Amino acid sequence: MAPETKICAQHIDFFYGRTRALKDISLDIYANRVTALIGPSGCGKSTFIRLINRMNDLIPGTRVEGKIIMDGLDINHPRTDVVDLRRRVGMVFQKPNPFPKSIYENMSYGLRINGMKDRNFIEQRVVSALKKAALYDDVKDRLHESALMLSGGQQQRLCIARCLVVEPEVILFDEPCASLDPISTRKIEELILELKKDYTIVIVTHNMQQAARVSDYTAFMYMGELVEYDLTEKIFTVPKERMTEEYLSGKFG
Amino acid sequence: MGKRSFTTMTMFILLAVMTLTAHAVSAVAADRAIIVKGSTTVLPVIQVAAEIFMDKNPEANISVQGGGSGVGIASLLDKTTDIATSSRKIKPEEIEKAKASGINVNEIPIAIDGIAVIVHPVNTVKAMTRTQIREIYTGKITDWSQLGGRKGKIVVVTRDTSSGTFEAFEALALNKEKVRPDALSSASNQAVAQTVAQTPGAVGYVGHGYLTPRVKAVAVDGVQCTKQAIQSEKYPLSRYLYVYTNGRPSGDVQRFINFILSKEGQRLVEEEGFVDILK
Amino acid sequence: MSAMKIQRKALVTLKEGAYKWLFATLAFASLVFLVGIVFTLLTESLPVFSKIRPTSFLFGPFWYPTADPPEMGIWPLITASFAVTAGAMVVCVPIGVGTALFIHELAGRRQRAFLKPVIEILAGIPSIVYGFFGMVVVAPILQDLLGIPTGLCAFTASLVLGIMATPTVASLAEDALSFVPRSFREASLALGANRWQTLTRVVMPAAGSGISTAVILGMGRAVGETMTVLMVAGGAAMVPKSLFDPVRPMTSTIAAEMGEAVMGSLHYNALFAIGLMLFLITLGVNIIAEIISRRFRLKLGLGR
């Protein structure tokens, strides 16, 4: 029962000006699975996941080679509709970044920018996304208060809920728990496990236990290269590469 | 904040307030300074003259104040000034008062103020009567066609009401009537000349010394505004400017007045836009 | 031995006390000046109201301070200040905020490297130069272009003042925009918003309080500006009926007349009273600015 491939990266090279940040990366990301990216700081994890929703477009002077295909869509093709792509591929950042608006406005933003006007529809979507993100009970009585009044963990769950509203297929997490306490982290992890039923998830993390707990597949990167990619169990128990083993046992990093 | 520090703070504040208001309260009280007080028209001349005079005579100390001709003469009468400046002749009743308080009024003309009425060079109007000028400035005449010129709104340019030139113009041409409130008002003679030079419909007035080729002076009551006409008192918008002293001046006062009357002093008079007196 | 210790301790205490005093004095210096200024304004201006009723001072339609008897109504001066300031805002808010947005959002590195110094130079030009430029260049051009009797009018003053206040608004608004965390932008773009939506719905509202502060400080610059209006506003003490009437704002009235007014005279006091009015107006503007930015802060949830 091999899982279905959702995203297929083929021979990706990426340059920040002259610096080559990714070197010939090929990997498949499977639908309804959690794929973790691990590796020492600066190895290109963020660079890689930001290619999936083309956030690197915003950085002047960058260049990508190779192909990323998602359900047959060539992501890097110049005619690809970036707005639609970003709707299909949501992203949650390292630091919770709710807008300085009310909780409700944060939630409805993704729908409104896409021209949605039907109030009932918006409300329905907002409520259901908040429920999915396990935040509804926390905030149902103060939807119109500023999102910045929430705790860090709640803010991060709001950010997750905010991308759920537009019903993406893939969610990219770039170190989502880096600024959170253990309890909030635990909640986010539970949430990720819950979400994988409906979404394809890619998560960058520096926390090995976290990768072990939440992910089905793990990719270990080093200096812009993909060193090893396999089922998480295998990576953590019987890594093929010595470098992976050394990294996991904390010999370097 | 403790009680003691509060008191200290209060003292600080009081000190600052005192310093700030001090300049407003104290009349300049340097020792043995010659005080010159009076007409704002004469003020600029006296000021430059005093500066140069003090440069040449470092021991001399001259304090120059405005206030208006009336204030200057009143100060002379109550002996709070050494020299009164005035843009008008002293009045008979003021002489009476002077006599009563034992003051011997001594009059010395130092310059002539001649006010040129100017228009844009393209304006076809070449002459006006004093009545017409008054009616323009008070708002009875509003269009050049009423003066035989080409049709067009008259843009009236005046000086700030506290300036000496305004004072002179008011005295010589306005007959105590008020300038229309929508008249443009400029802060200096040069600004008036500039405004008139760039506004075809404008009329303004400046001291004779500020006439430039970029504006045209009109004849007033048939007399052209020339230096000779002003010196001979034929030009109607002209008047002598005086200084008054108590008795014949002596010492630094005398030397200062002599300096104003000297060739160099009269050159300063011309530089300030007035006409030098014939000797 | 222990005596020395105690001595040293006392010295340290003394030193600390001295530092505390020094900085407290410095900190309170501005307060002292404020109090001094208010005190001076009040003492010098109040005598006016013993001769002229406050209502006729404020709302009197004529300003003939040196006439006999004097007429001292500053309504024309107040309306002039408001008209010119409002006009200047119409010019400097769109240009200033637009410039800030362009520099911040659209300009490439080269355009930015060119525009920023230009704005700084514009900000550094002394106001008298603006005044001169307005009087000798802008006024005649507008006069010909619009066929108005004189170019020295509220419109020209607004235009020149507006250009003058533009750098203030532009650079402060740009600061405000750059304080918006990049993460807001990224969040918006990652949700599929385009640049324009991100700008208008996320960045600008987030920079709102900073931008309104910029606008208000620009307004402060316009209200308080003296030299320029003195040279280009025309100086007619009359309630303007149109934008193209010459006007005499409060600042230029004080500047033009203070030098010549007899110290201690009614006219002198009246000029101080105008100063007091200006002070109260700027105070009001600042209070409004504070309220606005506080509201924004509340809305952003950044403490109160």
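The first chain written gets the first letter, and so on, giving A, B and C; residue counts start at 1 in each chain.
Keep in mind that, in the parts below, contacts are C-beta pairs under 8 Å (C-beta built on N, C-alpha and C of every residue); 3 or more make two chains touch, one makes a residue touch a chain.
Note that the structure is a prediction, hence the values are computed from the model and not measured.
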item: Chain occupying the most central position, where position means C-alpha average; value: C
item: Label of the chain whose CA centroid is most distant from the centroid of chain A; value: B
item: Centroid spacing, where centroids are CA-atom means, of chain A and chain C in whole angstrom; value: 48
item: Chain centre separation in whole Å, for chain C relative to chain B (CA means); value: 34
item: Centre distance in Å when chain A and chain B are each reduced to the mean of their C-alpha atoms; value: 81
item: Contacting residues of chain A [partner chain C, same complex]; value: 53, 55, 58, 60, 83-84, 86-87, 90-91, 93, 95, 97-101, 109-110, 112-114, 145-149, 159, 162-163, 166
item: Chain A partner contacts - residues on chain C that touch it in the complex; value: 109, 181, 183-184, 186-194, 197, 201-202, 205-206, 299-302
item: Residues of chain C that touch chain B when the two form their complex; value: 24-25, 28, 31-33, 35-37, 39-40, 43-44, 62-68, 76, 135-136, 139-140, 143, 149-152, 230-231, 234-238, 245-246, 248, 252, 255-257, 259-263, 267
item: Residues of chain B touching chain C in the complex; value: 5, 9, 12-13, 16-17, 19-21, 24, 40, 66-68, 71, 152-153, 155, 160-164, 166, 176, 178, 181-187, 191, 194-195, 198-199, 201-202
